[in-house]
Structures are given as C-alpha cells and as structure tokens.
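Shown next, in structure tokens, is the structure this report addresses.
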Amino acid sequence: MPINYYIFLGVILFCIGVTGVLTRRNAIIIFMCIELMLNAVNLLLVAFSKMHHAIAAANQGAATTVGTEGQLFVFFIMVVAAAEVSVGLAIIVMMYRNTHSVDVNFLNRLKH
Amino acid sequence: MSITQILFWFLSILTIFSALMVITRKNPVYSVLWLIITFIAISGHYILLNAQFLAVVNVIVYAGAIMVLFLFVIMLMNLDADAEQTKNKWLQLAGVVAGGCLLLILVAALKGAENQAKTVEMGTGSIGLIENLGQVLFKQYILPFEISSVLFLSAMVGAVVIGKKN
Amino acid sequence: MNVLILSTLWGIVMMFGGLIFKKTGAATYFAVAGILLLLLGSVGDVSGVVITKSTFGGMLNFQGYTELFLTVVLVSVLFYFLLSGRDIEAVGPGGFDYYALVFFVITGITLCASYNNLLMLFLGIEILSIPLYILTGSDKKNLKSNEAALKYFLMGSFSTGIMLLGIAFIYGDSGRFDLGTANLPFGMMITTLPALTKAGLLLLLFAMAFKVSVAPFHFWTPDVYDGAPTVFTSFMATIVKAGGFIAFLKLFGEGYAKSEYTWGLAMLVLIVATLLIGNLTAVFQQSAKRMMAYSSIAQAGFMLMAVYAHNSFATDGLLVYTASYCLATIGVFAVLTRVKDHSYEGFNGLAKKEPLLALTMAICLLSLAGIPLTGGFLGKYYMLTALVKAGQGPYMLVFAVLCAAVSVYYYFRLIQAMYFKDGNPALSPVSTGLKTGMVGLTILIILLGVIPYDLLLNWQLFF
Amino acid sequence: MSQLVYLVPLFPLVGFLVIGLGRNLWSKTLTGLIGCATVLASFVVSVMIFNEVRTPGFTPVTVKLFDFIHFGTLNINFAFQVDQLSSLFLLIITGVGSLIHIYSTSYMHEEKPHHFARYFCYLNLFVFSMLLLVLGANYVIMFIGWEGVGLCSYLLIGFWFTNGDYNYAARKAFIMNRIGDLAFLIGIFWILAQFGSVNYQDVFSRAQGGVTTSVVTGITLLLFIGATGKSAQIPLYTWLPDAMAGPTPVSALIHAATMVTAGIYMIARSNVLYTLAPATEGVIAVIGLCTAILAASIAIQQNDIKKVLAYSTVSQLGYMFLGLGVGAYTGAVFHVMTHAFFKALLFLGAGSVIHAMGGEQDIRKMGGLRKFMPVTWITFLIGTIAIAGIPPFSGFFSKDEILSHAYAHNPVLYIIGLFGALMTAFYMFRLLAMTFLGQFRGTHEQEHHLHESPAAITIPLIVLAVLAAGAGFLGIPAYMHPDAHILEKFLAPVFAASTDMKPLAETPAGVEWALTGASVVLILICSAWALAKFAKFTGPGKEATGFAKILENKWYVDELYDAVIVRPINGLAGFLNKYVERLGLDGIVNGIGRLVQYSGRQIRLLQSGQAGTYILLMVIGMVVLFIVQLFI
Amino acid sequence: MLALLLILIPLVTGCVTFLLKQGSAAKIWSLLASVATLGVSIAAAVDKDASARTFKGDWLSDLGASFSLHIDGMGAILVLLTGISLVLVLVSTYHNTYKNPSVYYGLMLLSQAGLMGVFLAADGLLFYFFWELALIPVYFLSSGWGGERRIQVTFKFFIYTFVGSLIMLVGLLYLYALNPESSFALESLYRVHLTPDQQDILFWMFFVAFAIKMPIFPFHTWQPDTYEQSPTSVTMILSGVMVKMGLLGVIRWVVPIFPEAVHHFENVVIGLSVVGMVYASLIAFRQDDLKRMVAYSSIAHIGLMCAAVFSSSQIGFQGVLVQLFNHGINIIGLWIVIDAIEQRLGTRKMSELGGLATTAPSLAILLVIMSLANVALPLTNAFIGEFLMFDGLYQFNVWYMAFAGLSIILGAVYTLRMVQMVIYGKENALTSTMPDLKLNQKLMLAGITILIIVYGVYPEPLFRMTEETVHAIIAQLK
C-alpha cells in the first residue's frame, strides 16, 4: 500500500473529528470527536512506523527494529488518552451536577 | 487487487463512514456506538499492518473501557436525542466549511512528491509484536513509561479532587 | 534530573500528606520545604551532584541553560508558595492535593525544559496540562470555575490532537522522535524540507502557541484565567507559561532552528497578532483579574520574539523576561487575591490603606509595563535586541514598542486607582509574611533590572 | 576727560538704583535731590567732555568698557564713542533732562512718596538708557539704549497705572516701538553679516570700501523703519499722541526733546550708509514731509493742549527727517537741538498751565490766562514764536536751513514744506490765543485757584525760553553771514565722509533771501490770522463737520489700524485657539487614544464565551497561517 | 567623581526622604540636599580638569553599555541650572503645604537625580534610563499633587512622552546594531558611519522623542494642560529644566550623530519651529489662565531654540546654550510670582486679578522684571540668547528669521497684556486684601533678578563655559 493512502485516510479522519468538534455542542460528543482525532493520529503513526520499517528492512534485512518507536508512541497516546478521559469525564460530570446540562453553548458566563 | 487491498479499501470506507455517522447522529448513544465501530475498523487496519498488540490494546482500551465509560456517563445523564437542540445553522455550516478547508489545506500541503514511492509493508514485519515492543519499551522507553505513571497519578488525584464531596 | 525525580516524589509525598494530616494548615510548610528541596536538587544538578547521570536513551538532555531556567522557575514557585500558600489552602478542602498537583505540574515543566524527544515533550505537556484542568475546576461550587475547567479541558485536548498530528507528520519523514537538526529527515538540504515535516512543524507550532496562549490560539486564556481560582490563575499565568515557553524555545530554537523558513513567517504573524489583540483587548477590561489575563497574552507576544530570534540575546532575554514577568505577575496576583472587588474601583485608595502593598504592587506593574530600572524593561529590551539581531526591520520594532505603550495605559490605570483616587478598598487581612514576601520580590525585580548579569545571566558560565 | 565718559550714564544709573531700592526710605525732598543731583552731575561731565571735543583737532575717542558678546569671530564690545555728535546730544539730554528733573520736583509733588520715588527712578533710568543710545560705539549698544528708552517711555506713560486707558496707551507705545525694533534688529544682523562687525568705525570704513547699493539700501531702509517707530513717523506715529497720557514733564523730556529724536540721531550717526543709498534718502524725505503735513493738519483741529503739542512734535520730527532725506544732516541735528529747547519749553509751559487749571487740558475751557500767569505766558509766547519760525528765534534758523536744502534738492519739497510751516504757525498761535488770550472760560473755582507756578517750574521755563530764543544764532546760514554756522563747523567731522561723497547742492544767496523773506511774511500772516481768529474764541461752537471733522478724528488712522491689523490678528488668535489647537491638534492626540479604546471594545467581542466559536476561530487561524506560510 | 556625586546626592537623599516621618523634617532635609547638590554643581561648572568631569563605571557591559558620565560645557551649564532650580523651587514654595510631604520632597529629589543623569550621561542606554527616571517622579508628582483634572492630563502627558521615548529606544537599538564597535558609548556612536537613508530613519526616531519633550509645534498639546494642572513647583521643574532635556537630546544625540539628516530636514524642523513660535504667541494672548499663558510663551521660546539649533551656525548654537540656562532661570522666576499670586488669591485667572501694583508693590515690580526678561529686553540675560539665536537663524535664512521675529512683537503684546491685567488697573474685592511677597520669595526673586541683570550685562562666563561644546559640535558637523 502506498503511504499516501494512509496519510489521506488519517487526515480525513482527523478532519472529520475536527468538524465534529466544530459542529456539535454536547460536551461528551465533542470529547468523543477529539478521541476520533487521536485515533486518526494513531493510525497514521502505525502506518509510518511500518513504512520506515519497510525502508530499513530493504537496506539492512528484516531483523531491524526500525519503526518500533512509532507504535510505542501510539501506545503512549492511548495511555494519555485514558488519563484524559478520566479527568475529562470527571469535569463534565461535575459540570452536569451543577448545571444539569452538558451543552457547551450554555457556557458563556465568562466572556469579553 | 489482492485481498489486503480489498480489506484496506473496505476498512477505510467503513472507518470514514462510521466516523461521519458519529458526528452526524443526533442521539449521543448512537454516536458512541458508531465510534466503537470506527475504533474496531481502525483495529482492523492495525491487524492489516501486522500490529497485533496495538490492535488488541485498541479494542480493549478504547472500544472497550473508554467507550463503556462514555456510554455509562451518557446513560447517567440520560441525554436522549432531543436533549441537544441543534446549534445555530450558520455556526454549523461554518464549522463544516472550516473542517473542509483544513482538510483541503492539509492535503494540498502533503501532496509532496517524495512520498509517492514509499509503501507500507502489510502483514509482514515483526516490530508490531509484543516481544519486540516490550524489549524497546522497557529498555529504551523506560523513562516515558515511568513518567506516564505520574500522569496517571495526577489524573487520579484530579479525579479525587473533583469527585470528592465536601 | 534531580528536580524531575524530586518533584515527582514530593508530589506523591504531598498526596499522602493529605491522608496523614487532617487539617490542611501544614500543607504550605510541606510545600515550601519541598520547593527548597527542589532548589537544593537543582543546585545539585548545577554542580553535577545528581541522582543518576543516565539520560535514558537520549530521552532527556539537561543543559546549563535549561537548568538555570528551571532554577528561575523554582524560585518563582517558592515566592508563589510564600505569597499565596494560604490562598491555595483556602480554595477547598484538599489543600495537600492541590499542592500535589502543583508538584506534578512542576514535573511536567521539568520535562518540558529537558526533553530531547517529542514523546517526552508530549508527556511533559500532558503532565503539565491535566493537573491544571483540575486546578481550574477546583472551586467546585463556583459555576465559573466549572465552566473554565471544561473549556480549558476541551480546547486543551483539541490542541493535543493538533500536536500529535504534527508529531506524526514529522515522524513520517524522519522516522524518529528525538530532536535536533541532525535528525531532520535524511540529512537533506534544510531548504528543501519534505512537505510532511513542513506541515508537521506548523502543526506543532500551533499546538505550542495554544499552550502559551498566543493569538489566535489564545481564546481559552481570558475565560480560564478569569474563571479559575485566582491563586491558580497566578500559577498558570506565570510558572506554567514559563514552562510552555522553554519547551517552545527548545523545539523551535534548538530542535528545528535551521528550518526557520518553514515557520518564521507564521511566527511573525503570530507575534503581531498577539501583541495587537492582547494589548487592545486589555485596554477595555473593567476587572483587574481579566486585565491581567489579557496582559499575560500581550506579554506572551514579547516572549515569542525570543523563540523567533533564538539567538544569544533571545535566550538570555527569555531568562530575564521570564524571571521578571513571573515575579511581577505573582506579586500582582498576590495583592489581587487580597482585594475583594477585582474591578479597578476596588483598588481606589489602596495606597492610603496599605502603602507598602501598594508600593510593591506598583513596582510590579511598572516592571510589567517595561519601565527602566525594572527587570521588565530589560526583558523587553533583550527581546527587541534579539529581533534586531535576527534582522528584523524597524517597523516591527516600532509596532512592538507602540503596543508596549498601550500596555502602559492599562497597567497605570491600576496605579492611578491605588494612588490618585480616593476610596476605601475592602481587603482580606494582610499578613506581615505577605508584606515581607512582596518586598523581597520587588527587590529582586529591581535588581534584575539593574544588575541582571551578576544576579542571573552569568550563572550560565558555571554550567 | 573723555575717557571718563562712562561717568555720564553712570550717575543716572546710580540715581536709579538708589532711588529705586530706597523708594520707601527716602523722603520726597531727598528723592528729588538725588534725582536732580545725578542728572546735573552727568550734565557737568558732559559739559567738560563737550569742551574737550570742541578743541580743534579732536579725534573721536572710543572707550571700551568690556567685552559684551565675544566668541569665535563675533566680537561686540560694550564701548562708548565720544565725538561731536554724541557730545552734542549728551549736552541736550543731560541739560534738558536736568531742567525737567528740577521742574518735576515741583510738578509731581502731590504724588505719594513711593510714587514720587518711582517717577524719579524711571526718569533716571530713562536718562541712563538715552545716554547709552547716543554714546554706544556700535549698533548693538545703540539698540540696547533704543529698547531701554522704549521701556522707560512705557513705564512713564503708564505711570498712573490705575487708569486703564493710560495702560493701553503705554502698551500701544511699546508695541509700536517693537515693530520698528524688529526691523532695526534685522538691519543689525544684515550689517553684521555684510561688514562682519557692528562698530561704527568698521562699518562705515568698510561701507565706503565698496558695497552694492541694493544691500546698503536694504540695510538703511530697515534701520529707517526702526526710526519711524521710535520717532513717530508714518506709519508708526499714532502712539505718540496717546503717549500724552504720561505726566507732562515726561512728555516734555521723552516725547518731545530726547527719545523721539533717537531716530534722527541714528540716521545722522549712520549718515555714511544713507549717503550711499539715495533711494532710501528719497523715501525718508517723502515720509518725513508727509508726516509733517499730516500731523500739522491734525494739530489744527485738536483741543487738548498736550495733543496739539504732540502732533506738532510729530510734524517737527517730520521736518527733521525731511532734512535727513535731503542730506542736510547738520540742519536736522540743528533742528533737533532747537526743537528740544522750544518744544520742551512749550510742554513745560503747558504743564504749568495744566497745573494751574487743576488738571484741565481742554483749551476750549481756558483763555485769558495771560494775566494770571505772566511768566508762563511770556515763555510760552517765546516758544510759540520759535516754533512758528519767526526770526530771529531759534526755530526760524533751523527750519529755514532744512527748507532751503529741500529747495536745493527739489522745489516741490520746499513748497509743501513751507505749507506745513504755515500750518504750524497757524495751530501754534491758535493754541496760544485760545489758552492765554480772550476771556477765561473755565469754572469759577478753577478761576479762583489760578496762580503762577512756583520757582521750580518757572526757572526751567525761563532757562529754556532763553535757549529757545537764542539757540538759533549757533546756525546762521551762510548766505546771511559766511561761515557763521558754528554748529556746521562743529559737526563737520562727523558728516565729512558724506559731504565728500555727495556735496550739498548750493542755492544762490539771492534766491535764498527771496525764499526766506516770502516764507517769513506768509508765516506772519498766518500767525496774525490765527491770533485774530481765536483771540475772541468764546466757547465750543457747533459740531465740526466735513473736512474739519476728519481732521478732528485724526484722519481716522487709529480706526483704520484697528480694523486692518488689530482685529484680524485677534480674530486669528481666537480661531487658532478655539479650533486648530483644541479641536485640531489636541483632537488628533485624543482621537488616537479613543481609537485604541474603541478597537479594544470591538476586538473583545471576539471573546464570545462559546468554546465552539473559539475552536472555530482557532481552526480558521490555522488554515490562514498554513496559507500564509506554505502557499505565499 | 563630581559627575557621580551630582547624581548620587539627590538619589540617595531622595530615597532617605521617603523614610522621614515629619513633613517639616522632610522639607528641611530636602532643602539641605538640594543646596548640597547646588554646591557640587557649581564646583562642577567651574572645575576644569577632565578627571573630575568624567566618570566611567562598568555596567551592563555585555550589552555594550557602561555607566559613563561626562560634564561638557552644555552639561555643566544645565547641571548648574538644575542645581539652582531645585533650590529656587524649594525655597520659594517653602511656606506651601503639600499632603504627605515626605513623598513629595523625595520625588522632587529623585526627579532632580534623573535630570542630572540625562544631562551627564555619555552612554546611550544610560541616557535612556535616566530619561525615563526623570519622567516617572514628575508624573507621580503631577498627578498626585495637581489640579482637579490632573489624572487624565498628566496621564496623557506621560503616555505621549513615553511613546516618544520608546521610539527613541528603538532608534538607539538600531544605532547600536549599526555600530561596528557594538557599543552605546557616546564617542563611539560619534564615530559610526551611517548611510543617508539610515540617518534619515534614525533621525526621526530620535527627533520625535525630543520634539515631544521640548515640545515643538505639532507635538505640544500636552504641555499647556500639564503646566496648568501640575502643582506650580513641579511646573517650574517641568518648564525650567525638563524641556531642556529635549534640546540637549537634539544637540548631543542628534546633531553630531546624524549630521546629514539634520542638514536634510533642517527646513522641515525650522519651519515647524518658526510656525510654532508665531502660532503659540498668537494663542498665548487668548489665554486667561496665567499658567497657560506662560506655557504657550514657553513653547514660542523653545521653538526659537530648536530653530537656532537646526540653523547649525556657531552663533546659533552659542545662543542656544546660553539660553538653555537663561530661559530656565527666567521662567522659574515667572512661576514663582504666579505661584505667589495663586497661593494668596486662589486664582490664576487674569480677568479676576488687577491692581496688585497697589496692594503688593514688590510682587508687581518683580513680575514686571520677569516679564521684561520674558520678552528679552536688552540688558536682561534673555536678550543675549535671543539676539544670538535670531542672528543664527538670520544666517540660515532671513525670511525664517523675519517670520520668527513676529514673535518678538507678539511676545510683547501678550506679556504686557498679562502685566496690565494682573498688576495694573484698580484693585478689586479679591485683590484688595492681597498680602505682599514673603521674605523667602523675595530673596529667590532677587537672586533671579541679579542673575538676569548680571548675565544680561556680562554674559562672558556663560560663553566661556559653553564654547568648547560649540566647537565640538561644529567640528562634528563638518
């Protein structure tokens, strides 16, 4: 598979996520869209790692471990994502407890 | 058209479609479900790329734990379809346009010639296997690994601070 | 290295301290002790007495400059604790927890100052941010605080996404995450960077710009600073911002320095936009707290010049600027927390009621406005010099100084309120500790403006 | 002796300081004593100097006191020059000055002590400045005196400062003088630039050394404009009549005898330059003549005794300038001298009258004073005859000299000049008649109080009367008796350069005799007519009409100036202050401030408070920056 | 060493003053301090040996700066002026009462220190530092102790001048960047060779700051308001000494460094100054407030000085340097009288005054003397300066001079109008009870009068003091 396919796939997913963030007003959905963005990145990273591995393998044999970092990075992204989710949902719930809404457009006590 | 290619195209279309569904569904629950499908599709990609470990983790952590958490919260708040009245059309349109522009710009920026030749190895390659990842992770990447524990600690403390009654 | 480890450990200590000590009164003492320990540790770093010399596979890279920068940050944290410790405890029941989070943030900053690998940068930024989301929302009953937390969180993680995409692109070209021009992909001519890296660098730029609240990525700042409990606003506006900038400088000043042409123009645009929006918007604010939020944006505009120029003047300047800016802002916020009414009128006649407090705050404001004989002036001066050395034309500089003149307008409105208007400001009790702390802080600011080399910059020579 | 010339101005200066600083200490008598003593002392010194100068073979002496402005190539000394001209003026100034000081001790006696002191203080200061003016060895020192006398006249005109009109008169005088002074200053700069020095010797020698006519014309014209200010010539004469607001002795000393002749002195002093600039001379002659006629015509219709004298002064000054214009420097100086005598005499006489009338100045309310104050009457009569130019009194000789030169220069000038002389005779005798002849027209208590003035007043009158009568014999014209013109011989060295360059046109003696005879006859007729017409003046008749009205209103010149100069400038100032300054310049400055505030208010609206909008803006920003960085 | 003392004495004593508790103590202390400073400045003015006149300390050397001071002729005369002025101010306002005096007097001394620094600094960065240091205390004084509109007015003044100085800072930076020796030292800046274009840009960057400070024509609008609203004591410092900062800036930091640009823009600047002279004079005689009137007349005088500087003739320079001192002395004298009137009658409106000559004769006499000095009557010190400056202007272009000369006439108009409205005429209900000057004011004014006359009759000392500077500038211009 040409790398460009993966690049474009990833970018498209990412942009869908962005569009979601821009168009929805439910905090949870927005947060989900962000997760979608992260996943797009993950996919991209894996693809790249495999690409580099392919290039390296062509030069120095299949035994090389070039490209491992990419996948490890994805692992760390997931870790961080998990942490973020815990905190994020905590905040959203707290918000909900106080205002019985998760609609970001109601959040304009702070402006100007 | 090899089987991998077919799978690739199928998964790609599935991913994009379900992602679109995620952002277009009124009812949050549906969105969550579609998102799960997206993640699973992405895991499929991982398998295609012979990154089993990530594929598994993705399913477990994301599609499993995280999404369940989401679902749980949504249920807890029992937000149903009409809970969210659509936001003003113009803003939505602007959002879509902006997203589209970003896509265009990125695509335009990335269609560099140097990537044409490069390909991704499908199926083969052992770097995605746990053994290899483990080796690198606990030798070279030990520090980030430890540090991420701090991350979790702070997340934990944070959740406590936020959650705890006073 | 010491700082990294110690801050982590002490964070955990504070965490458990919360379990042991029921009443939070002790928290501040613990925290101060911790900071002193960290300072000791950084001195150790300086003099080579380190817990481990390992760089963990080139993940970290401690240089004299970053060490010094960390020391500056730690000193400001010390002042922060001394001046606002009581207020931190007053925010809510979990005094120890807040401190724990603060220490974790310091861990994040240490990473931002010492990373040599985009992964560490990513983790650092996250460790920096996640506790801040919490601290912002720590005033749970206060809707503003909640709102601020949610906004901060959503936009913060959005920017994380951007950053990750950038990292992914860069990785796509170079196949590695560690920094340094040596690792620019395939050792090819810098002037023909591949498209992926170009896009990646820009995306990274945007993400970092968000973290240091540079226009047009600044929108979260006023709301969050306004909504968050004032103590934590002070923390975010100073120490965290400093961390963001050192990361920024490492990334674009060292890591991808030779590739200016792919991001220099964008950064100039950012600088101009930031100076303009920050200053103009601050002019019309009615609440001192919110004014400080915008002013911190404006100041970021100046700091960004260092990243743009990244020459010796820039690095020196960033040190001076950060030091004076952090100290001054901490001072202002420390007084702000004492004043009940945060509108300008709330400060009327402060000079009569609390002359010392007013004087020190006035000096802090003068420093922020960049009046000579204060560190603030020297910081701005360094930034301008750096720009000149980086070959910028006079118009950019004139624009910058005009913005500085505008900033004088809103800073001096506070001074006028304190000194020339009559009124009886409602104050919460002012401890002598606060006063002494303020005095020490002002003395430092002035010394920075008069003998920056003996006080600060020459220490680099020892590393 | 002439080395001690600095004593001459020194005494009045000392007097000024002593009186001024001790104005609350000394009694009136003491003050008066100091005042007169100092001036008399300098008079004595002047006489001694004059004697030294009179000795044949005397060469001008320059006494340098110290470097005034000295650096680089510029070197302006504080130096005095003693020669025939200055010594003559010294005599006039200190002589008339001391007489008037004596006169004043009695005239000003009603004033409170400190005002009395103030008066003498100013008067001494004036004498000091006037002496500086005439003694200065270069134009800068002359300029110092020039402005100094202006100041003193300002102070003295406004001496009774509680009266607003007087203050206005004083201001008017000072400002009109300043207009002239500006021209004078530019002239000095030009001289400095042209000759590299302002010392008389250097300037004149270098001027003869060769300088383009245009330059010297320009210089001389500028200096002359200065002179018109100080010596009340067209167009800057209107201040002098108003200056009569000051005490009468002041009018006598400053506005008749000395200060107003500064212009003549200056031109006579720079005669070399003027001889080199025929065009200027023409201008001076015409201006002088016009002034003489105009002022005389106005004087005919004035009823304030001092105003009449003031206009006659202006007119007489006009004659002097006419003399200068036709190159009769000696004649001009001669007339300065005689005029100093008889005009001072007339003023002091008028003062004595006013004194007796209890401050009344309107001649329509006088009349028949002859029998009440004989001394005043006699002396005043002598003065009148002298000024009218009836032989053998002094005025006749001096005026005749000027006119004859005018004739030699151009008969038209002579005709007009003569006409002016006739008017002079007419209005002077009108004045005399209305004041001293006929019936007394004042109130009864005025009549009751009428008395001859005390000795302090009459003695100066008598002295001056003698001088006014006899001084003429210093200048017996050549056609009457060859080389009997003492003054001419005396002054010859001063004007030698000019006369060498341009010898005066000669008129045959016969013609001279004829002209003189005719003029005398005509003058006598006019005088008689005036006497006859006004001796039986009974009281204010009908309102003057037509031409008379125009004359009574001084040709409406003041009104003209007010409409053409004063009001427009005031308007302009008001406009600038109201619109340009407040709205224009300050408006711009404040406008910028407002602009900043306004834009701040607008930009802050971006901060809508909605996270969605923020992220949208961020994305847009990203897109834009991408385009900027990668696709531009 | 003297140079250093000149700055240190007011600085240290000023800081000490803040700590004094009693107002009277602060008053006396600051008075003593100012007298000491005056002594040192006199010593500096007469002392001719170079070692005492220069001081070089090491400071921010890594930035190319240094703490180097030098007293040249112009410095000496301005230092003298500064020393004298503060004594005059403090003594003549001795009986006035100011709220929290210790702060007031402390700030006074600090501003003096700043001014001294500006006049002595021989290093660009140092110059800028003192430039601001002189501004800040005056700002606080004006808006702390001024009239009712003080806050906005002085704030406008502050921002206005601050903008100017910031632009000057940028200029300094550029000069520094263009200086191969990369140093701020004055003499090294004098050696820098700049292309005409660079000179033009830098010229304006510097000149705007100085033009605002002086101020000359279009930049002057802050001045009347500030003079009006500031306490008179501060106005004395402002108009007597501070405006000289601008002129010194032009003479020391612009003319020698950018000679070509000066030559290039001389017509613009002189044009502005000359227009400003007439403009200000015209506006002056529409003013009813004494302070505003004097403010505008001061604008006219400063305009003449600026024009004379740019006529770049030796005589002009000499005149300016002399006038720097004379103008300061005279205008302070004028202010003292005005302050006396305001303190006694509580008004500055000419229309409400009158007849003071009857009720307060010595005040009247001194006012007249000051006014005469203000219109540059011969044998007053102002005449020397104006004569030379006009001559310099004449040598540059006679028409400029002639037009500028109108201000001689207009000056007489508004000054005499003021004299007449204030002291002549009949006294009214307000002024009939007017007490005469107090002894301290009489003394100060007498001193000023003596200076006016002495330097008006015998200006040689001033010339001797300043001619070396003139030669230096002329040499630099060649």
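As written, the chains take the letters A, B, C, D and E, and residue 1 is the first residue of each chain.
The rule we apply is simple: a residue touches a chain if its C-beta (ideal position, glycine included) is under 8 Å from a C-beta of that chain, and two chains touch if they have at least 3 such contacts.
If you're wondering where the values come from, they're calculated on a predicted model, not measured in any experiment.
K.L.:
Check every other chain and keep only those touching both subunit C and subunit E; list them.
P.N.:
Touches both subunit C and subunit E: D.
K.L.:
Please give the intersection of the contact partners of subunit C with those of subunit D.
P.N.:
A, B, E
K.L.:
Name the chain whose C-alpha centroid is most distant from the C-alpha centroid of subunit E.
P.N.:
Most remote chain from subunit E, centroid-wise, comes out as B.
K.L.:
Counting C-beta pairs in contact, does B-C beat B-D or the other way around?
P.N.:
B-C
K.L.:
Using each chain's Cα centroid, which is most distant from the centroid of subunit C?
P.N.:
Measuring from the centre of subunit C, the most distant chain centre belongs to D.
K.L.:
State, to the nearest whole Å, the distance from the C-alpha centre of subunit A to the C-alpha centre of subunit E.
P.N.:
Centres of subunit A and subunit E (C-alpha means) sit 66 Å apart.
K.L.:
With chain centres defined as C-alpha means, what is the inter-centre distance between subunit D and subunit E in Å?
P.N.:
37
K.L.:
On a C-alpha centroid basis, what's the spacing between subunit A and subunit D, in Å?
P.N.:
Distance between chain centres, rounded to whole Å: 99 Å.
K.L.:
Please report how many Å separate the Cα centroid of subunit B from that of subunit E, as a whole number.
P.N.:
The answer is 72 Å.
K.L.:
Could you check subunit C for residues that touch two or more other chains and list them?
P.N.:
119, 123, 126, 130, 133-134, 137, 140, 150-151, 154, 158, 169, 172, 196, 198-199, 222-223, 409
K.L.:
For subunit B, write out the residues touching at least two other chains, lowest number first.
P.N.:
87, 91, 94-95, 98-99, 102, 106, 109-111, 115, 141, 144, 148, 151, 154-155, 158, 162
K.L.:
Which residues of subunit D are in contact with two or more other chains?
P.N.:
604, 607, 609, 611-613, 615-616, 619-620, 622, 626, 630, in rising order.
K.L.:
Which chains touch which?
P.N.:
The list of touching pairs comes to A-B, A-C, A-D, B-C, B-D, C-D, C-E, D-E.
K.L.:
So in the complex, the part of subunit B that touches subunit D is made up of which residues?
P.N.:
That would be residues 87, 91, 94-95, 98-99, 101-102, 105-106, 108-109 of subunit B.
K.L.:
Report the residues of subunit D in contact with subunit A in the complex, numbered from low to high.
P.N.:
Residues 604-605, 607-612, 615-616, 619.
K.L.:
Which bits of subunit C are touching subunit B when the two form their complex?
P.N.:
Going by the criterion above, the answer is residues 8, 11-12, 15, 56-57, 59-60, 92-94, 97-98, 100-101, 104, 107, 111, 119-120, 123, 126-127, 130-131, 133-134, 137-138, 140, 169, 172, 194-196, 198-199.
K.L.:
Give every residue of subunit A touching subunit B within the complex, in rising order.
P.N.:
1-9, 11-26, 28-29, 31-33, 35-36, 39, 42-43, 46-47, 49-51, 53-55, 57, 62, 65-69, 71-72, 74-76, 78-87, 89-94, 96, 102-103, 105
K.L.:
What part of subunit C is in contact with subunit D in the complex they form?
P.N.:
Answer in residue numbers: 150-151, 154-155, 158-159, 162, 198-199, 202-203, 206, 210, 216-217, 219-220, 222-223, 262-263, 265-266, 269-270, 277, 280-285, 406, 409.
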